[in-house]
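Got some structures for you, see below.
Consider the two complexes below, in which chain A is the common component and chain B and chain C are the respective partners.
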Partner chain A sequence: MSSTLIIDSLRKQISSCEAQLKDLRRQLAEAEQLRRQKQEKERLGETTVANDPLDHDMNYGIADAFRSEVYAALSPLAEENVMRRSWPLEKAEYKRYGRQLIMPEIGLQGQLRLKNASVLIVGVGGLGCPAAAYLAGAGVGKIGIIDGDVVEESNLHRQILHSTSRVGMSKVESAMVFLSSLNPNVQLTPHPSRLTPETAIPTMKDYDLVLDCTDTPASRYLISDTCILLSKPLVSASALRIDGQLVVLNNPPLPPGDPKGGPCYRCVFPKPPPPESVVSCGDGGILGPVVGVMGVLQALEALKVLTRTPEPPSLTIFSAHANPMFRTIRLRSRKPKCAACSSSATVTAEALTSGSLDYVQFCGAVNPVEALRPSERISAENYAKVRMGVNPFTGSENRREGHVLVDVRERVQFGICKLEGSVNVPFSEVARTPVTTTAAEVAQMPNRLDGDGDDRKEANAKESWVDELRRNPDKPIFVVCRLGNDSQVTVQKMKQLGLDNGGKRWIGDIKGGLRAWRESVDLEFPDY
Partner chain B sequence: MSYVKAPAGHFTVLYFAAASSYTAKSCEHLPAPVPALELFAQLEKKYPGIGQKVLSSCAVTVNLEYIDLDGEDAQHKDLVISEGDEVAIIPPVSSG
Partner chain C sequence: MSETKDGDTIPITVEFTGGLEMLFSNQRKHELKLPAKDESEEPANIAFLVRYLCENVMKDPRKDLFVLDDSVRPGILVLINDADWELEGEDMYEIQRRDNILFVSTLHGG
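Entry: the complex of A and B
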């Protein structure tokens, strides 16, 4: 990080603190004024109160929603002669928030609620960035941001608070720079580390509302459980590839066992997905506007939670290529036997803080794949020698045409960059190919072939990759993927399919995949 | 793509996120009626492995309503999916 950035960041923090100080001075002035008013009233006696027509109208003639606005507008007027007129918002705030202030859905009352609210945003990535920007812009009084990561170049296509010049800076710090310059009235609290079961309660307890903008199943259960224990509403969203989900949980935030409270994450998804099926944005990909729209919707739901009465629970699913793109599903209320929010809940504050609730274990961890023996693996350097014509194991001549290089990355990735001469067999096809079946049996599988033309083509493609590799039974097969995990699984599968001719043909993988190839052989090979 | 209405005697299944990746489809039509509790077994027959890898953690909805099939006293265990219904298989998406 360059020194200019540090200076810039410090300046922003100072101006943010000065804004807080100004806010505190204003609050003090208001409190002192209230005390003066009270003393004045006591001095005059309380004779007028009972028959005051204004009092009657305020209590019986005005709808609840407007009462505080009328009070807010009238009370300074009554004191006009006593002292300088004071307004509930700063002069600049009327202007800054004017466009939302004039909406009946917000109004002065709503704006004051936002100003007095505190929101915790867990994760300032693809979801947290737009959510934080809109909440800071809308004038939420206090915003806490948690993240333990640093800004990377591959974040920038979607994480709109960060910038090219802040790559390498902590995400929390980078977000602070953006948000304090967007709206210096907002009091920002940085939490520059990952949320853990031990820190969850102390970190979350002082906020009114929590936004789950994280990216793992474990953090989703942890945040939901903590929100139940602390009776905080939770706005949870997620996104991958072209899909997104949004749900407002624990709203109203009633204690565990109260069936009138809103459902929690466990009520909707009681069982975590199997760990090997969990795909990150880094592996599966993510389109910026997809995660962006989900983050923006989180901000919208947060504004609704802070300014309106709770609505019946629903889950909104977004799919960019579907029509309609949004579907909203009615959710049931709390699950009668939910582990977190029912009367038979097993999730307790003690269990959480003592660490006896192991979220990583609950969701399962994926161990690094160590499926192959050393003799079934080759380093990227040694494979480079194979391509040069020398077999590092036997020392014999080994021309490039003398082996088959199978790249098991998905088609799109193969299309981005590949090693010359490699053939593509996407891992998804490898995974779908049944081990016990021969090509003839695949052709007979009824369910694979009863669909439309695409299904038929796909089924044919599946049998053909095995057949294709059978065609040259003597050539050794080298399998490569992006990082060196799928390649190992593929080698095993190929052997189960009998492609090694009972051990006569060598099949192995390139250790560390194309990343290792880039790091130790060809620095110019694209890193995506 | 947009979803086509199910033909007579069928219902629609929508596959989202991991369910869509696993089946390589975003929707399809299956013969109705089917008891809700038998839906997963039917899908498992059609897509071997989907039960453990995808369905075990999914939310299931019928006509945009969440259905509860989990456990002995599940609220919707007697529900029958009928002609024209729209079923959605919704795996949890956790990244962001």
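Entry: the complex of A and C
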């Protein structure tokens, strides 16, 4: 059955590639044909002008008084030749862009502005993919794309330029394939590497407008600073889970120190957020259409920046489950003491290119958790032996049900897959439990929270996991999570809560979490 | 939570977004009756609201994900009736009846 499916799918892929090839050959033939026609016309044009019989008539047969008038009337024809009058757009472009061209918001002038514009898209992920597609579709003349990553399977639910067959290809290359087939008129420039402080200025200097489609605070500060130094407007967006944010910065892009210029990222966020508060899409999750909507809005703002006069700065926030889903908030103007865009700016081109501005250090990083001693940790292989009823250290037989396995992933993840027999205590609940809570304090709690049923219920729920684990004071506790960080923090917290009975009960974590379990014990355990 | 007479409180709406709601019982919108005067009998301002939220509304012990050095932590925008608080006097802004105060945590994913 499955081999039939594979064969069918391969057949389909082959016929789709053949169709693509055919289309490319047709495009090539068309392009060659066009070039031939053009050359032919140019050749004919030259001769027609030279042999134009009216030339002589006009020079000799027209009275001086009329001559200039006649010349004026004929000159456009003489210059452009009736047969090959040059229109501002190519013939195919009128058709291709017709639906936006007829709108007063764009018109011929707007379309020409787009055609003459160059836009750099930093990051072709969830935001950059839809943004690039719409800008290429709209006929932006030059589009640069920069990204250092390769396409992964987990990108495909939202990064619409990439495809299953291009997993493993660089994102920039994959995006080029899609965009060049979408609109061959667009001149695409690939930058297949990560933007760094040293490369930012040379990479960004030739573009009119920059789209920040990246996913870290460090890159957001770097891009904004560079846009200020180069006087480029910046369209910045971000998304996580079901929320998105959008802001147009440095618009108008006036020099640093000019208070009439649009605010920059540092004006709005002078200090980076603490690294532990930064959640990535990989950890927090992201819904495809949510990040898609934000990327599409970036393309929309880009079209507005390129074709209209700037509007006062605002922040648009989107939340899929809110009503209304969109909210637009008036933003501040430039901050008088901004480190990047004020007259007292400390961010300079020299500082940037010399590498003395360390954005990663500025934003901080969450260090890998190394909270536990080796004796408090067990490898996935050894834990597998424990589950088989064998003590991995002494080789002696244990009672199978002689331990508790606590999985501290959030409930949804626990619902996706779990080790048999594990109990779920979400890490958010662990984190929420006050460490100072002693038995005596718990006893006092109902008094303190008297009159607030919700509070008491919640407090009780929080305590219940601790109580639950107190119930079997002799069974060792193994803690597991997705990657082996939260599990360490949990082990520490459990000890602070006194669950180890003053050291009599072993509490430890499974090194490397469920990822290590999959890699060294059970290859079939789902990887999400 | 000390009981206050209705006349001594200001009805306001406080909203959290960008993940901050997780620190506030996973609830985005809170209708509050904020004491009209702060600890030193001054009219309630944003700084007082932030303290009040920490002490009375936030159940999560990770206060540092909301405040840092007695102010809203970096990476959180405070919006007063849909305008950046910078336009309204930041944490000195005196809260009015039926004000809408929105705390937005910036997102970084993309």
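Here, the second predicted complex is superposed on the first by the 421 of 528 C-alpha atoms of A that agree within 3 Å, B and C clash if a C-alpha of one lies under 4 Å from a C-alpha of the other, contacts with A are read in each partner's own complex, and residues count from 1 in each chain.
Basically, contacts are C-beta pairs under 8 Å (C-beta built on N, C-alpha and C of every residue); 3 or more make two chains touch, one makes a residue touch a chain.
The shown structure was predicted, so the numbers you read here are calculated from the model rather than taken from an experiment.
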Clash or fit, chain B versus chain C on superposed chain A: clash
Which superposed partner A:286 touches (first chain B, second chain C, both, neither): both
Contacts of A:220 with chain B and chain C, given as first, second, both or neither: both
Partner chain(s) touched by A:96 [first = chain B, second = chain C, both, neither]: neither
Touched partner set for A:322, first chain B, second chain C, both or neither: both
Contacts of A:337 with chain B and chain C, given as first, second, both or neither: first
On chain A, positions contacted by chain B and by chain C: 123, 125-128, 213-217, 220, 237-241, 243-245, 268-274, 276-281, 284, 286, 291, 294, 315, 317, 319, 322, 327-332, 335, 428, 434, 458
Of all residues in chain A, those that touch chain B in their complex: 123, 125-128, 213-217, 220, 237-241, 243-245, 268-274, 276-281, 284, 286, 291, 294-295, 315, 317, 319, 321-323, 327-332, 335-337, 428, 434, 447, 451, 458
Footprint of chain A on chain B - complex, ascending: 1-3, 14, 16-18, 20-21, 24-26, 28, 45-48, 52-54, 56-57, 59, 61, 64-66, 68, 70-71, 73, 75, 88, 90-96
Of chain A, residues touching chain C in the complex: 123, 125-128, 213-217, 220, 237-241, 243-245, 268-274, 276-281, 284, 286, 291, 294, 315, 317, 319, 322, 327-332, 335, 428, 431-435, 452, 455, 458
Residues of chain C defined as touching chain A within the complex: 1, 17-19, 22, 25, 28, 59-62, 64-65, 68, 73-77, 79, 82-84, 86-87, 102, 104-110
